[in-house]
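These are the structures in question, set out in turn.
The following pair of complexes shares a single chain, subunit A, combined with subunit B in the former and subunit C in the latter.
Right, the complex of A and B next:
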């Protein structure tokens, strides 16, 4: 068993990906499948049927102890105390400058919180949680013996309900424990594609059987990181490290919706999270730049880092593309990026400079493809 | 026939087929399985196929879980049905102590990711309306286990292994196992096979097969009965299959078989079989049934499950069942005999065979022994256990049936 790439880690389903023809690439320290048949086909399979993703590279963490919800609120601007049992919520760790250190999903699973964080941030996140929570008597457990998979698309419910009918009754952002293919799985009705679907934490040893069982159902296809990116981009969802990072504030990023009233000015537990000064001020007064959707007018995708100008020649730089690719469902290139307040209005025409040439883009609403969640 | 291979597996029952499957999956495809007659000949063909996740030893539970997964995976790989019936199982608490122990075990199931619930007598009655719950204290319920068809599972495993490049030789009895340069030589009527590694998965035959090498494996066949009833209208009228039931007080397991019941008994006076050597012409044979020692248990079962009292008995199968002095299989390398591995001594071969094979195959292909599984290591009995001591210990294990051990 040669370690060809330095220290790259393999997920529990590595062999399955290879056997199914995946092209494996290094991603956040892991060897991950970028595509099987092709990005377009996988993208469309998810929008039309059910796409199956392995996301075991992401970090799963259990937080347990008296007062865990209150303690966790010191790290995030979300209402965790008010998060009902069996429910999940989008959240982010902030820093003292009001930037975002990572975005995450947090679930109230009764006697503990279950947190899923980005692969590239796992170590920092676990260290952050240990430092902040352990002194308060909270036990922080990084779960490394479970795989994480996602089943996404309009066909996901019927497919998963075939294994356990209880999952059909779950609503968007419900979480629960359900037996699937004989294993005890932590299931949430959520995802990263804008489609209805589920994320499933399954004991490592049981992962392959669950996945091959799902792949045996009609309409289920394996989907790699390539289509995952185009799906989430069409859905207007941020990729940490690209669309949001330690310098972007949640308000700039258009994530104000994810900060509940209880933590805002005048709320029951106002502030009390890192960077509250900046974030609460921006919530009140607005930010000076905004994350927006961008529709390039031509056929060429506009990639990360493309500078945006307010004129076809000359003019001033008003922003930058943070994510961009071809959107198979939209049928054309789509992008998102940050622009100044003045340039952020929907319909504004801007020009992105690609290899010295300025190409027109129009500021548009996000998401590009409406979400199919089951509320 | 391949005459020079990386690994030869001797024995084409559920265990040997599982080992071949896992070795092939892990890349050891230069492999041959040698079976003296047909796949499943021996004990597999008459096994009940029960696989439960319940058990007092967490490591063994992992083997059970791995077994069901292995068979279902082989079914998907081969397209051959393994006939899995996910009925779930109830382990009755005949005493308050048993119920207490179920609570002790519960966290381990959580850590293994196996659904495990403790049910009240009322809940047991809902899950299994034919159990008289008045005298029980509850039950441990593992809803995702059940039983498989042992023949289907063996064939699915063997076919998948063959697809990956391993081969299977039927009607190829191994006559002698001897050391050869760099490995082992196996003499068969079709010629000699040399192999770097040999896995002995020959159940109760392993003892005499390896005796010439100076090994004294303390495994012997007991006689074990299974009773199948005629169809029962009350069962036929149901639209879901009954969960399996295991009960220390009756000392039996009961599951639905078609519209009747299949009952396995661990009686108080077990008989051994073929202590002076397995008959050379033994094939897919059953032994003459002897129901008298079973009667006290069947009477208790009529109390526990009154429906059984109204059932006609269709067949009583008495077949040989291999046991070791502690009831656990022998898995792993033989000391000082490089390349010789055991996967034998299984009394519930369907239940633990698939998972044990994964453990063994990973051990063989990586050279790393599994962690925390000393309890099943092949060398734990040494080589000087005399026959009387072994038989006494096996008798004790057998008669203990479903009683839970004191110390965990």
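Right, the complex of A and C next:
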């Protein structure tokens, strides 16, 4: 660290995090709060009430111009043309080898598309979009003057509706512009915790007032990146760079559900995205490995990189853990990882090698905790 | 009570040494969710990895602070790892050792020196 700390960027809410006791850590070039009170307490506060996260390190991008939806479809295997105004969808940039370059959320906000990408990939993503879209007359604007916060949990609706009752009528993946604490906010009913909730893009200058207003409501707690990780893991959601990367295909990653019919074999706009050959073939014929849920039988967490074998002694390596930790809501260790086709069936017993010892783990469904989305 | 730079405390009790981790260490580690203890009767050397503890975020080792024999382990921590956060200096001791050479503790920090060490 040391020297590189000087290069870390600070979000609009940096001072608020420090004042509220956050432990700040470097994350994707930013100084971010990893925890305040403690990961377990913050995790539970989100599942039971409403967790408030700052995610301003993520990239917000506006794409504007005639034919923007058609143009964007050249970068992703999703149906963007068919995405209705006021709706949002999970998507990913793919590469020519059929791997995933980043995962993202894309919203149709009427006269433009609004895209949110991962912090670590912002520069590459913006460059990718400029290179592909500007020649087609699409204006690509990286928005750097707005903070992004997430309010997540069963209590989120009541809390946010207290500021503007209109948000209560939003369904899962609806987007809209709503005034909150006097600021014009771009609100979506979404998140990355498996809970109902909202993500809110707010002008930088208005962010602190909005956050302190929300924190003044009962049941709202600040939550750091530590609990964000355990929440998304229990929800079976991928962390880019860990569970999915430029070598994993969407089909292997269990993300086929996010590729709509219009872009598949026989669809209205079949293919036409990077890596379509591999991805469409895998959609039709299956992949040779699969991302699966993994439930260790003991109490020891199985973390990223743990090798998975098909026998307690000897045997062959059939996979590897990509994310693993203790799941506070599950009350035990949970993990996900990739295993061969033969080892991917639910209930298959495998062994993960932890500190030289093989420990039993069962292939299980994802998510570990049922989603609380308001559909 | 003596302290190590690895944030362990050692307390002599009826000729054996009780070993645990400090309040400071437990705060830094965060919520402890898993504890793996050594077998009673194991002979260990100073700096051997004898205990594994895992927090929500990461795994850490506890090293043997001195040479000797592990004579008792705190099995209660296996079922309730969270005790390490609740009472690290008391109930949540990890193991007791019969020291091979008690003079190995002579150079360890006392409480005042440890407080200075963690700043």
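One rule holds in what follows: the second predicted complex is superposed on the first by the 371 of 375 C-alpha atoms of A that agree within 3 Å, B and C clash if a C-alpha of one lies under 4 Å from a C-alpha of the other, contacts with A are read in each partner's own complex, and residues count from 1 in each chain.
Note that in this section a contact is a pair of C-beta atoms (placed from the backbone, for glycine too) under 8 Å apart; a residue touches a chain by one contact, two chains touch by 3 or more.
Note that the coordinates shown come from a computational prediction; the quantities given were computed from them, not determined experimentally.
In the superposition on chain A, A:183 makes contact with subunit B only, while subunit C stays out of contact range. Once the two complexes are overlaid on the shared chain, A:39 sits against subunit C while remaining clear of subunit B. In the superposed pair of complexes, A:338 makes contact with neither subunit B nor subunit C.
Touch criterion met: A:300 reaches subunit C, while subunit B stays clear of it. Of the two partner chains, neither subunit B nor subunit C is touched by A:30. By the touch criterion defined above, A:203 reaches subunit B but does not reach subunit C. Of the two partner chains placed around the shared chain by superposition, subunit B is the only one that A:212 touches, whereas subunit C remains out of contact.
Across the superposed pair, subunit B and subunit C touch subunit A at no common residue.
The residues of subunit C lying in touch with subunit A in their complex are 30-31, 33-34, 36, 52, 54-59, 78, 81.
Put simply, subunit B touches subunit A in their complex at residues 62, 65-66, 68-69, 72-73, 76, 86, 109-110, 112-115, 143-145, 366. Those residues of subunit A lying in contact with subunit B across their complex are 1, 146, 179, 181-185, 202-203, 205-206, 208-209, 212-213, 216. Per the touch definition, subunit A reaches subunit C in the complex via residues 35, 38-40, 43, 226, 229-230, 299-301, 303, 325-326, 328, 333, 355.
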